[in-house]
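Letters A, B, C and D mark the chains as written, and numbering starts fresh at 1 in each.
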Amino acid sequence: MKSLDAKAIIARRVALELRDGDVVNLGIGLPTMVAGYLPQEVHVVFHSENGFVGLGPADGTINPNLVNAGGQPAGAIPGAAMFDSAMSFALIRGGHVDVTVLGGLQVDSDGNLSNWMVPGKMVPGMGGAMDLVVGAKKVIIAMEHCAKDGSAKILNKCTLPLTGKAVVTMIVTELAVFKISKDGLILEEIAEGVCIEALRSITEAGFNVSPTIQTMQGF
Amino acid sequence: MKSLDAKAIIARRVALELRDGDVVNLGIGLPTMVAGYLPQEVHVVFHSENGFVGLGPADGTINPNLVNAGGQPAGAIPGAAMFDSAMSFALIRGGHVDVTVLGGLQVDSDGNLSNWMVPGKMVPGMGGAMDLVVGAKKVIIAMEHCAKDGSAKILNKCTLPLTGKAVVTMIVTELAVFKISKDGLILEEIAEGVCIEALRSITEAGFNVSPTIQTMQGF
Amino acid sequence: MSKLICIEQVAEFLYDGMVAMFGGFLGVGTPEEIIQVMIDNSVSNITLIANDTSFVDKGVGKLIANRQVTKAIVSHIGTNPSTGKQMIANEIEVELVPQGTLIERIRCGGSGLGGFLTPTGIGTMVEKGKQKLVVDEKEYLLETPLRANIAFIKAKAADRAGNLIYDKTARNFNPLIAMAADMVIAEVDEIVEIGAIDPDQVITPGILVDKIICKRGC
Amino acid sequence: MSKLICIEQVAEFLYDGMVAMFGGFLGVGTPEEIIQVMIDNSVSNITLIANDTSFVDKGVGKLIANRQVTKAIVSHIGTNPSTGKQMIANEIEVELVPQGTLIERIRCGGSGLGGFLTPTGIGTMVEKGKQKLVVDEKEYLLETPLRANIAFIKAKAADRAGNLIYDKTARNFNPLIAMAADMVIAEVDEIVEIGAIDPDQVITPGILVDKIICKRGC
């Protein structure tokens, strides 16, 4: 399975989690791809933390003052609303964003997330991620199951500095979907052709298997 | 001296305290009269705590949605700006209002002010007064020197519940102008024909006399 | 799903004991038709959060005069004699809050903040029961968030997505209470098509507004 | 007194060691001409408060690359490699602040508040050195205000009274920093007559703006 495929699989599966009417914030990178897989009958409003709701695809007209949270050209749908950064984060922290989808470096059984720095290597900063994980009603981590070197990213305990403590609702990888409960990870879906034991071997964190486990949706 | 005259004298004297370019908030009642005595060469911007700067006199056109902080019909000068109540009080507390002029029930030597309730008699509420006294750079109390029953209003210590502690910059009555320093009241001006001893007899608080004392301005 | 409802449908969302926030400053910027529905339906035991209790015959003041409010969290009651009378008779509980503190507590409640430090009220009765903190050698009161079950908004116009604009001083508390309640119902003078309001001019984003009532009927 | 100045006159207000707030999100909404004046005048030892350090060739990123900044209080430095390099070499001090906390600290600084309680950062490195408070059984961090000597604003248009409107996502930090500095200088695309901006559409009231620079010259 190529890396590109993995990302597409993840984005497609995450898209199924979005409900009609949801206000959704997508992180940069993989999460941004989720917008492309939204079922036609589901209408969501995208929130962009640099200051608006009603983010849409760039329509080709060049407006340097209309960008997404990654600084890339963006569009605004009819009915969009612009505001300042204090309002943008009041919306985020205040529970007015239903779902945020973010990438992750590590997630653990307690729902802790690390995705903003690797000490000694990379310190981009947390940007709006720490606010998003405490504020959004649902925090979905969309990431490949293992790191590029093959090491596990779903851990018993995050080893990198945390972005948020006990904040993750759900993890979607190309191999599995986990929900996070008070008792730890619950495997809800597994990719076709992957057996649970194989999954355990590349998932450091222990997990319970849901009695209603099913084959991964979105295919 | 009639009560009406007293109020006019006070308003006229307070108006001389306003500087070109000041942002000014006038309380309801007597303080509102100050706007009418502004020297022609002095241009100030009036802030209205219900949500705008650029308050002007009502121009006769009826707009029920344009009122002053007393709920009365108001006008907006060209260049006015409207905002919500959080912004209005961010401006007040944040030091963006240069001068507030308020009425007072009692003021004392420490610059304490009481003007929002008389226990057992009248509890209108503090409205925006408590924010104004802590936020405005200069707090001028415009009030008649004595209460209607002749009792002193400038006291050693306020007996009514406070609106603010050590907040008053200046007191203007129809008889005198006091500044408030760390060492208490300083008599800066006295109305023509009033002697200092007479003033002391109707002013409970002790006061020092400024070496530069002069006859009350504004006549 | 359309957000537009008839004024009569507002009754479905009302219940005894509700905590209701209302926009308005001395009645300016208050949804009067919604007030009338609350009166017609005799909603009782309301906790009212608003700037003031207006006048006996205007805005939220009518609910006070009609004895539908058992607790009021406001900054001013002086223009409505009924509030004072009921307060003295212990028929209504009044929590007086400095106006700037009141609106900031509402903003806090809508912004996911746990409180804020304000110099307002230091050395006064407002201190009572509150924690004091010192930051940079200055003393502040810790004030805590306020939220409501429903916020009732008055706006100048809404588009069908719920984006709102306001008219002059009728804005006041409205944009803040729109963030601080589980449900937000807006009474507007005009409903326009989506796209008719410039995104740069929207004051309350439509995502905050659950239901819209047009004064001119539905 | 007119608030209009030429771009060259900005130099009069700059000095080594100044604390400067800039609008902008990855360079969008940053006053580029003012940045150029700061470069031309080699203003040094700047403490920069902004959302991010942009790119090496855009907005505040140029000041970083040009080594004019000795301290940066920002939420993100990932798009400007120069910031990271200088940080590792201990040539610049970087205080990373969550974006929502950063903008709220600025709002606090401009609003006369002593701080606020936020859930953001609980259980992370952001907690370090900060007071924790519990309100309604939930834990919060106490965050404190930020202010600057000068705020540099980018706006779409100003009237001669200094009232400002913004274009789309170029608004971001600008309206907040306009409240939190001893002096506010706005670089705008267009200057219009007083009265040309509807009072209901003003985002930054003119009373907050000290100087206005029109990009098209003076």
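To be clear about the criterion, a contact is a pair of C-beta atoms (placed from the backbone, for glycine too) under 8 Å apart; a residue touches a chain by one contact, two chains touch by 3 or more.
Because the structure is a prediction, the values reported are computed rather than measured.
*Asks:* Tell me which of B-D and A-D has more C-beta pairs in contact.
*Replies:* By number of C-beta pairs in contact, A-D is the larger.
*Asks:* Using mean CA coordinates as chain centres, what's the gap between chain A and chain B in Å?
*Replies:* 56
*Asks:* Go ahead and note the Å separation of the Cα centroids belonging to chain B and chain D.
*Replies:* The separation of the two C-alpha centroids amounts to 35 Å.
*Asks:* As a quick test, compute the distance in whole Å between the mean CA positions of chain A and chain D.
*Replies:* Comparing mean C-alpha positions, chain D is 29 Å from chain A.
*Asks:* Express in whole angstrom the distance between the two chain centres, defined as the mean CA positions of chain C and chain D.
*Replies:* Their C-alpha centroids are separated by 32 Å.
*Asks:* Where in chain D do residues touch two or more other chains at once?
*Replies:* Each of 104, 107, 112-113, 118-119, 166-168, 171, 199-200 in chain D touches at least two other chains.
*Asks:* Mind pulling the chain B residues that touch 2 or more other chains?
*Replies:* Within chain B, residues 52, 76, 82-83, 89, 92-93, 134-135 contact more than one other chain.
*Asks:* If two chains touch, include that pair; go through all of them.
*Replies:* A-C, A-D, B-C, B-D, C-D
*Asks:* Which stretch or stretches of chain D touch chain B in the complex?
*Replies:* 1, 107, 110-113, 159-161, 163, 179-180, 194-195, 199-200, 202, 205-208
*Asks:* For a test of understanding, state which residues of chain C touch chain D in their complex under the given definition.
*Replies:* For this pair, the touching residues of chain C are 104, 108, 112-119, 131, 133, 135-136, 138, 140, 142, 144-145, 165-168, 171, 199-201.
*Asks:* Okay, in this complex, where on chain B does chain D touch?
*Replies:* Contact set of chain B toward chain D: 21, 23, 45, 47, 52-54, 76, 78-83, 89-96, 134-135.
*Asks:* Quick one: which bits of chain B touch chain C in the complex? Just the residue numbers, please.
*Replies:* 48-52, 63-67, 69-71, 74, 76, 82-86, 88-89, 92-93, 112, 122-131, 134-135, 161-166
*Asks:* Can you list the residues on chain D that touch chain A in the complex?
*Replies:* Going through chain D, the ones touching chain A are 25-29, 51-52, 74-79, 84, 87, 96, 98-101, 103-104, 106-107, 118-126, 166-176, 203.
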